[in-house]
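Report on the following structure.
The letters A, B and C name the chains in turn, as written, and every chain counts its residues from 1.
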Amino acid sequence: MARLELQHLRKQFAPHVIPVKDISLTVEDGEFLTLLGPSGCGKSTLLRLVAGLDQPTHGQVIVGGTDLTFQPPGDRNMAMVFQSYALYPHMTVAENISASLKIRKVAASEIQQRIGVVSEKLGLNHLLDRKPGKLSGGQRQRVALARALVRNPEVFLLDEPLSNLDALLREQVREELKQIFNAQNKPVVYVTHDQTEAMTLSSKVAVLLDGMVQQLDPPSRIYTHPANRFVAGFVGSPQMNFLELNCENSMARVGAFSIPVPTEVGERSQIDLGIRPEDLRLAQADETPTFRGRVTLVENFGREQLVTVQVAATTTKIRMVIPPDQEWDEQDIAVVLEPAKIHWFDSKTGDRVTSSVA
Amino acid sequence: MIHQPDPALLTLVFLTIMTAQNTTTPPKKIPTQRILLWVGVALMLLFCLAPVLWQILTSFKTNPAISAIPTVYIPNGDQLTIAHYFSLGNEFLRYILNSFLVSLVSTVVCLAVGAPAAYALARLKIPGEQIVLAIVLVVSLFPYVLLFLGLLEIVKAAGLGNNYLALIVPYTAINLPLTILVLRSFFQQLPKDLEDSAKIDGYQTVPMLLQIVLPMTIPALVTTGILTFIFAWNEFIFALTFITRSELQTIPIAVAKLGGASVFEIPYGPIAAATVLGTIPLVLLVLFFQRRIVQGITAGAVKG
Amino acid sequence: MPMTPDTRRQRESRTGWILMTPALMILALVFAYPILRAFWLSTFTQNLGTQLNAEFSGLTNYARLIGDSRFWQSLWNTSLFTAFSISLELLIGLVFALILNQTFRGRGLVRTVALIPWALPTAVMGLAWAWIFNDQFGVVNDLLIRLGFIQERITWLGEPTRAMLALICADVWKTTPFIAILLLAGLQSIPGDLYEAHAIDGASPWQSFRHITLPLIAPQILIALLFRFAQSFGIFDLVQVMTGGGPAGATETVSIYIYATVRRYLDFGYGAALVVVTFLILIVAVLLTAGLLSKTRVNLTGD
């Protein structure tokens, strides 16, 4: 059993440069944890702390109950896949894959056997004698993966491994990654800024901002129950609509229209409302719309249309997804907002104030 | 193919003929540009090659042809000879060998000593590295004449007069600033991921430097080595001061001595032949490594 | 071995110093010691008059230097040589760089050829230039006569002004390629769309050159100036081989004078004082240029 625990990790470079402030996480065997966040959120620094490439200012890195905080990276039995792949350009593919085993004085016959298994799995058999310079981007990526897998490490670390691939290949490799690491049954820590990768690959996602974990949850819950405005805005595309509203008597006001605020939110004078574009729809003929407005922009994605609506008599704009075949009145569009799909956030802290969204 | 008027080229035209009307006549512009460019290229080639070619020509002319008035530009068969080359004798090969030995050894030492320093300055966090860097930069600007007095004392005290070491050590030193600057800029461009990856693979510092970093550094070492070799080959004042025994002299000194050897008649032919022989290795280096030399010069000067 | 962050940083720093030590030792031996030694020695009189024994004499050597017209003459010669050769080199080097920055057939070959003067030994090519400027058989005289500029063969290296001219000529030939290479690197780093945008804005080529090319290669120009100033100020081999400082000291540069003081007159103390003063002049000039350089860099990034 090799559970990875991070306890109160902090990395401070200068008095006001603190890429990782205070992060505690646990990744169990077979768990796939994604560190998701915009650039500068501290996710790569955190990964380097785990790998031992940087030293934390304080906090501990523990694997299988052993404190590795002060171990050099080579002694941690972790494998890492780099964004740039970091293949040794002067070594063949086989040499690249076996470099770490040779250092650990693994017997030559076993090295051969392990290279064979890994290259078979990743389809690298015919490339073993080539130098990385002669490989395509996708092939290099596989070699980098093979180099990590062949070590059979206790923990896998992956730093944006897909970001140097073109879009088509990325989708294909994403699926393969999922299968490969499902079979490993080891803690995997995966860094990305791409929410699709985070949602599809992970068993758990940690959304990071300013060196702090904003939310740690399974992907589906990150989507349905964003812990704060930042997470809600960062995950989901097209982005969630946010309305900063005044409240009176448990009713939030949008121009002339009112939206009931759930009782558990309590009495407030101001509240932030979040609603995903796919959770809005056109009102049926016999339905009371939440609000009416006028269409200011239509973006057709083929599969759907993204329509921007300006709420009547306000400057507030809301974007909504509408099936491609549906028609509407440009000047007077009636929109329904499912109360159950609304996310409520504190207008000051940005934190979620309800937990009841289905 | 459509020819786009090239602004930089137009500028060149401008600089050359200094007239403003040029831009107002677009249709005529393109041929004029090309002609001016080729004239410029021709003048440049002439500028760079003429003295060398003249020396080569002189080295093959007989003495009467050399001292003929008016000057002979296209010698006939009777006016050509290779005697000047033979007149230099075997000792000249010795000089070439001396130069080669001193330059090669100092280059190797310089790289061996400079590369680790450059790596440390590029990659490691060292308190005081900015100061070291500034010193290296300033030192690269010192004229050697400021050093030879002190070095002369050291050479005398250590009994190194007429010893190759008296040249190898200073040559190593004068090439160190350039070596450190060029290699440092190279190491900075080297992706750090590779070293991180090596650390995770379990390499210790020294094996990592030797097995991962060094193989990738070879092109930069070659580039730097060519520059240091050329500088060592061409050095004059130390060689003039520290080596007095004729059989240990390097090429620049040997050729210069040839010029001052005879009071009555200066042996122009042999001097020219010596010039040609003494510079052939350098010309070959330039021909084969033009690209690397340019890289080295710019890396050493610009990326400081 | 487990380590705390502190010991790890200390170890990194120690590794760094270990890696730098051999290089720093050699630099100290060949650069620092001679300069410091010159400062020390310059307060002694050590010449044939003292039978080459060092006798402390305070600032006597510096007092002598102030009244030494030969030193001031050599300083003037050096400045003259430096000013003229560097200006010409910069001008021609810029033209060369602009030419080499064009695309034309055989450009690689032309670039190679342009490197040749830079690579050849100055002392050896100095002899070649002495031959070219030879009074009797020199090709310069012959060409000038053929072109009708002069009637009679004239003295070059034996006449003060023309000897200086010949030296500058040889130096320009030798070092223009270096400047051209530096400036070419600068030109190549300017994105082409800058020119296109400027041209669309209606700028003439001359304006593009003034407002884009020159400001953007200003750092390279200054770096070239810095390097060339230091080299030119310490010029030795070319002068030694071509004129030996003559005629009558007309081309004697500071380094020729230092060398003669030490090697010919065996006046070590005074030689050391000359070294010190030259060193200080150079340092001041370098600091000024470096200051200017850091300013242009700031300007460029601030734009």
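Convention: contacts are C-beta pairs under 8 Å (C-beta built on N, C-alpha and C of every residue); 3 or more make two chains touch, one makes a residue touch a chain.
Keep in mind that this is a model prediction, so the values were computed, not measured.
Undergrad: Report the chain whose mean Cα position is at the greatest distance from that of subunit C.
TA: A
Undergrad: By C-alpha centroid distance to the whole-protein centroid, which chain wins?
TA: B
Undergrad: Please work out which of B-C and A-B is bridged by more C-beta pairs in contact, and write that pair.
TA: B-C
Undergrad: Could you give the separation in Å between the centres of subunit A and subunit B, each centre being the mean of its C-alpha atoms?
TA: 54
Undergrad: Just curious, how far off is subunit C from subunit B if you go by their C-alpha centres, in Å?
TA: It comes to 14 Å between the two C-alpha centres.
Undergrad: What positions in subunit B touch 2 or more of the other chains?
TA: none
Undergrad: At least two other chains touched by the same residue of subunit C: list those residues.
TA: Within subunit C, the residues that touch at least two other chains are 9.
Undergrad: Which subunit A residues reach two or more other chains?
TA: In subunit A, the residues touching two or more other chains are 72.
Undergrad: Under the definition above, what is the set of subunit B residues touching subunit C in their complex?
TA: 6-16, 20, 22-23, 37-38, 40-41, 44-45, 47-49, 51-52, 54-55, 58, 66-71, 113-114, 116-117, 119-121, 124-127, 129, 132, 135-136, 138-139, 141-154, 169-170, 172-174, 176-177, 180, 205, 230, 233-234, 236-237, 240-241, 251-253, 255-256, 258-259, 268, 271-272, 274-275, 278-279, 282-283, 285-287, 290, 293-294, 297-298, 301-302, 304
Undergrad: Using the touch definition up top, name the residues of subunit A that touch subunit B in the complex.
TA: Residues of subunit A touching subunit B: 48, 51-53, 72-76, 78-80, 82-86, 88-90, 99-100, 103-104, 147.
Undergrad: Where on subunit C is subunit B touching in the complex?
TA: Touch residues, subunit C against subunit B: 9, 12-13, 15-17, 19-20, 22-24, 26-27, 29-31, 33-38, 41, 92, 95-96, 98-99, 101-102, 104, 108, 110-117, 119-132, 134, 136-137, 139, 142, 145-146, 173, 176-178, 181-182, 184-187, 195-196, 198-199, 204-206, 208-209, 213, 219-220, 223-224, 226-227, 230-231, 233-237, 240-241, 254-255, 258-259, 262-263, 268, 271-272, 275, 278-279, 282-283, 286.
Undergrad: Using the touch definition from the top, list the residues of subunit B that touch subunit A in their complex.
TA: Of all residues in subunit B, those touching subunit A are 191, 193-194, 196-204, 207, 212, 215-216.
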